[in-house]
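Look for chain A in each of the two complexes below; its partner is chain B in the first and chain C in the second.
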Partner chain A sequence: MIRKLSALISVLLLLVLLTGCWSRRELNELGIAVGIGVDKADKGYRVTVQIVSPGEIVSGKSSGNRTPVTVYEATAETIFEAIRKITTKSSREVYLAHLRVLIIGEQLAREGMEKALDHFSRDHEVRTDYFVIVAKDTTASNVLKVLTPIEKIPANNLYLSLNSSEKLWAPTATITLDELISDFVSEGKSPVLSAVSVIGGKAGHSQKNIENISPTGYLKYSGLAVLQGGKLVGYLNEKESKGYSYITDRVQNTVGLASCPNGGKLALEVISSKTKVKGKVVNDQPQIQIEVKTEENVGEVECELDLTKRETIAELEQLANQKVASIIKTTVKKVQNDYKSDIFGFGEAIHRADPAAWRQLKENWHEVFPKVDVIVNVHTEIRRIGTVANSFQNERKE
Partner chain B sequence: MSDTVKLSLRQFTILILLYSVGTTILVIPAPLAADARQDAWLAAIAGWLLGLVVVALYVSLARLFPGMTFTAFLELTFGKWLGKLLALPFIFFSFIGSSIVLYYLGNFMTTEIMPETPIEAFALLFAALLVMGLRLGLEVLARTAEILFPWFILLFTVLALFLTPEIDSQKVLPILEFGMKPIIWPALNFACTASLPLYVFLMVYPVSFQHKKKAGNAFFTGVLIGGIFVVIVTFLSITILGVELSAENLYPSYALAKKINIGNFIQRVEILMAGMWFLTIFFKAAFYAYGFITGIAQLCGCKDYRPLVLPCGMIIVASSFVVYPSVAAMSEFESTVYIPFAITVGFLLPLLIYMAGLVKKRINHQELQGAGTDD
Partner chain C sequence: MDNNMPQAEPIKVKLQPNIDKIRKDLGNSDDIVIREIAFGVARAAIIYTDGLADKKMITDFILETPDQTTERDNLLEALKELAQKLGDYKEITNFQEIYSSILSGGTVLLLDGCSRGVSASTQGWKDRSISEPISQVVVRGPQEGFTETLRTNTSMIRRKIKNPNLWVETRQIGKVTKTDVAIMYINGIVNGKVVKEVRKRLDKINIDGILESGYIEELIQDETYSPFPTVNNSERPDSVAAALLEGRVAILVDGTPFVLIVPTLFISFFQTAEDYYQRADISTLLRMIRFISLFIAMVGPALYIGITTFHQELLPTQLLISLAAQREGVPFPAFIEALLMEITFEILREAGIRMPRPIGQAVSIVGTLVIGQAAVEAGIVSASMVIVVAITAISSFVITGYSMAISVRMLRFVIMGLAAAFGVFGIVVALIALVMHLCSLRSFGVPYMSPFAPFIPDDHKDTIFRLPHWAMTSRPRLISQRNIIREQMSRPAKPQK
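Now for the complex of A and B:
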């Protein structure tokens, strides 16, 4: 009897387990957010969320007349409130685990973005593998409202484009929240963020935009945003951004322009690049040595050059050295003079090399940084010249 | 008590190893990085070596009472009432320890993985497992450890290997920026979390390994190898997350596991890595609870500890809900009270008892000799 009773009780207890997972969330109840934007509002923040419209991205089943993503906005005093407030407009709960980009509006960036980032580092749902981007001359909300061709999900377009431009073109930087936060708190390094601008105004907001073969409204990365003390202080142009990538050893592959010794142009492909930044304190004066080693290939020749000769290659190597060194020097000068923000991590280099001196320097590093002496050494090796030896342009003249 | 329990040396080593890795691996990089900055890994090494001193004390202490549990030895040496009184702090520590470990597990789950599930659900399920394991006895626990150990090694190796591409070794520079001084406190913290709780094995090891010198070596080996895992995790945490993020994260190792991304293909595997911690946390909780329950059994003069497992398990679950009212209370307790508390109960008291035991042994010896000459 007791045996049967206990068996019955255990069976009943098992029923408790059959009710399913406690924190289950069905896919059709989630609004998968791929992009989130934070702007300054009168009181607090305006949060814009780009949510995937699941019916429209399934291949072959889309109705074609609805956008693949929808954007919701809400304004509240804190970001968390704003995100929750979105449920008053959206049918689904905002789910942040698949976030690709976090966009900070320019105004908020200029007034200080640190406070806006806490929720993203605290919330357990948000991961750390998305990129943080600044909306240049516009609001984050405008960036998230632009529809893009090829990639149905604009946030994915932003993510992938940033990834590939960093790999192949260099003047952009993929910064994740973790890197941003550790740069914020570091005493010897200030953060930068990639900047994205909206081209074509509101043209990109409508589905019509991507019906054109060449959309009139689109998003474009334009250099890096320099931060100082948590606030945006200015932008680097494309060339300076490339200099930043060289100094911080972010260059994986890029193309550099050089002028030929006797007029004309030449493009060199950088296939690998390695930078070492060393700090030193000489007579109480901090000094930075930047050593760059690059390997390049000849990619395009628009002048008369005898590429079969070793002297020519040696000459080109010299040219490339000067070119890269000048990019780096202009960047450093610009940042030292205009922004006074140690985005290169020179302070950290000094800290590593001479901790005792750093303890004295760090108190007013902000003022010391613009006066830091920077020595640049570039060593280039050109190994290959492509599939042809001399350019056919040379042949024609004979 | 159960004199029949026989553990192999291999099992014992594994138990010690898993126990000392325990909760340490999940949380220790945070306090280490907060105090020792980029030298956190050095502090881990220092704490690891400090742990060996502690083990040396436990091994020589255990040599005084082969075939007995620690509490039985206390009663024998100090008399019934003083002995029981001296056993109380140890029992209390084990009790608090097991509640804390249970709280850790629940808190980890509710913070990082399932925030809507009540913490009670995790504590109850896990405690059910504990009660089952303890009722089945030490041998079963030891064999479980032996079976699960390769999985622990596998998960750890995968974690460490997959993270190597992310390492930025410059982050450990400059080494010893402020000298040895800032390392001492975190090293103590490390030893208090990883090694001092090992005293619960005084309830196991002298009983199961009578007169075996090799068991002492197994004790050392377990702590040595266990320490390596924790040192590696601390190093990875500093070189990958950096000092600030390691210090700020409640669970830096979990944050580390989130970083795994091999070719955009192997990613989001952190929950598999969490399996590793469930393993080690289980053994930590099990042996804390074992220390508590066998201690109580000895105190009450029970022949077998098993009938006490269920009620004591229930008490542990209940106290795990109240042991820390909030996460802030946890970090405050750990950074202020826990270290002196652990040193007092886990090191100073055993040291005094050891010295008292030595004196007593000599007196006994002389009395015996004296008795011999008198006759």
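Now for the complex of A and C:
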């Protein structure tokens, strides 16, 4: 009995001691990568990794004379090789699980990025909650080298800024890798990505930059990048990006400008917005109906308006309807004419509405899409006018 | 054995040989007092142990010796009559009885020319007065705790339950110490089989001495090779009374304030007396805190080790970075770091408990400085590890049953080792093994994990939740199998509308 028991115990001990600690990594052996950038190189890819230097991040411990993050670069034929090659420069293994942003350089985006994404979707270590962003008019490497104020980790700054601007301003889109891939494989929808541009050239690369109260070099989101067949075909400006957000029902909260009926400006806050895109095939012609329902508050009035009257509110609602409808129409027109890429998912809408017709349409959807008839209906309700009724500017005149 | 203890030799007729024999058998011990007095026409001897017997009672007795006129034949009767005035008496015929009487505080009276004696109970030794129970303190509730005297302890329970069905069975265990052990239960509520089993297990004990109820606990528990206690103990008469009312059996041992309670369930170690004295909702909340504490005390450091060395992806990014920053420059792996701190803490705790109270404070000051400040500043351990160890230590104090808290302390190290080798997977394996083991345990025939496994919905009124008293209508099903109705459902009185 005792012999058997001791044999069992020694077997269990061997199990713990011999296999033990397999794949164990202490926290201070990890190079926590928060941002990764992929650029086109002569042969293969140039991968840039932004790695956190933990000691510099935590308050009270930082020496102050070293940057909070370090950027390593490596060039190789495949992305996986390049990431591993970084260990020749870095003391620590690149740990990708906490990746916040994946940045695609403009050149690579224009030439097609699909192949570069395989590693990120395959590797078990990488989570899928990071955002994919296109570096507009620059390389991913340049984006990752910009130091940001307030948020010590630039990648985190990109992540949080994208999150909050999508929530409060609308013309950006938080696209994660799996959303991007599902758009890639969808026949009736093309992907878009948020685009980030570097302002101030190389000024942002040094720590001196963030010692200024108003840094000369910084990162800025500038609209959306339109993709077609895995390749970047162009950008939407801020207004068009907002139109995209309306159509794809991404607007949570934004502010819209409207002009008063008798001159002057007016700002309306959209507090909720719901969009329904319905497809229809009439006489073999695909038709799209966009229904937008928004609720708005009056946020700023710079003209003479009697907001205490019901008719004024109704008038404002009409104005808001026209405004949103015009944003949407301009966006659709621009995409249909210039990019011919179905980023709104009109194809999917038609597929849902009329699968039989879609089977014929999808063959040359690329050519049909620019000719699709789009009808926009906006219904706005103004809920609140703020803490004052009429603007104090009006009272003085009386 | 028989060399040590005098045989059951009958008392001789003549007084002097009896006295000589007693002197010889007890090794002329100084504290055995033999006083020879004139008792009427005959001589008599009063024998008692100094310090155990009440001297005042004996003196009163001596003053009342009968006059010379009493017939010699009636002297024994007179002796009995006198003894009766002292309290209960017993007629004795052999030396065995003499010894057991005087050694437990009685007084033996021997008469010259008579082969029988009388033993009177004159117990009156110095004992500790009833004081606050130090191991189970409550804010609200009775502040009295058991003492070292068995009789005082039984009386304290009797005062709580004035019912003829509260039965006490006493026996002597320990071949040398002859320790009194009492079994208490409420007839009609208790499960007869459990009482029978308790008797059987107690009778099987064959040991030279019982100095504390821990001896009994170890000798009668169901499973020796288990980290979990299957016998509960209490210092509080109210807790024991509550256990009796639920149909449990209490085992009281002379010489210790700790009373054993069987059968004991896992859940018993998370219930305190105070749970029933304060409002039900608060008690429920406190119970939940105790379960959370159990979890932290058992797997706290293990989770920290497992997650930071194997599953860094589980942490929020900000937390990961701040933990990583703290680990910069720490020379040991997380496991060694945790082990170092845990062992330091256990040393401090042990030192604090065993030290005389004034020195204990000094120990704790040094300990706080060593653990809290210096170790972190010297860069030997990370600040977060100190937090983890500290919260674990405090959590382990929350578990009300001390015997359970000790087992959790022990298991913590095992789980830490597994976490260091296999990460969270190791912790899960350890917990599964623990649950399997817990479910296999029994305490006097009752499944240890009931009412969780087997699941008894009715008994959940007093587990994680503590329902109001008016809703606690039945006794735990598996403990009191015969008489489980405690009260009729009775809503509390409300003001009339």
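By definition in this document, the second predicted complex is superposed on the first by the 380 of 398 C-alpha atoms of A that agree within 3 Å, B and C clash if a C-alpha of one lies under 4 Å from a C-alpha of the other, contacts with A are read in each partner's own complex, and residues count from 1 in each chain.
One rule holds in what follows: a contact is a pair of C-beta atoms (placed from the backbone, for glycine too) under 8 Å apart; a residue touches a chain by one contact, two chains touch by 3 or more.
Being a predicted model, the structure only gives us computed values, none of them experimental.
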Chain C versus chain B on the shared chain A, clash or fit after superposition: fit
After the superposition on A, what does A:150 contact: first (chain B), second (chain C), both or neither? neither
After superposition on the shared chain, which partner residues are touched by A:34: those of chain B (first), chain C (second), both, or neither? second
Applying the document's definition of touch, where does A:178 land relative to chain B and chain C: first, second, both, or neither? first
Give the label of whichever partner, chain B or chain C, reaches more residues of chain A. C
Please compute the chain B to chain A to chain C angle from C-alpha centroids in the superposed arrangement, rounded to the nearest 10 degrees. 50
Contacts for A:98 in the overlay, against chain B (first) and chain C (second): which applies, first, second, both or neither? second
Considering only touches as defined above, state whether A:1 meets chain B (first), chain C (second), both or neither. neither
Identify the partner contact of A:127: answer first if only chain B is touched, second if only chain C is, both if each is, neither if none is. both
Could you tell me if A:55 is touching chain B, chain C, both of them or neither one (first, second, both, neither)? second
Considering only touches as defined above, state whether A:186 meets chain B (first), chain C (second), both or neither. first
When the two complexes are placed on top of each other via chain A, what is the minimal CA separation of chain B and chain C in Å? 5
Under the contact definition given at the top, report the residues of chain A touching chain B in one complex and chain C in the other. 23, 127
Complex contacts: residues of chain C adjacent to chain A: 308-310, 312-313, 317, 320-330, 333-334, 417-418, 420-423
Within their complex, state which residues of chain A touch chain C. 16-17, 19-21, 23-28, 30, 32, 34, 52, 54-55, 57-58, 61, 95, 97-98, 100, 125, 127, 153, 156
Under the stated contact criterion, what part of chain B meets chain A in this complex? 111-117, 121, 170, 173-174, 177, 241-242, 244-245, 255, 258-259, 261, 267-268
Parts of chain A lying in touch with chain B, wherever the complex brings them together: 22-23, 124, 127-129, 178, 181-182, 185-186, 351-353, 355
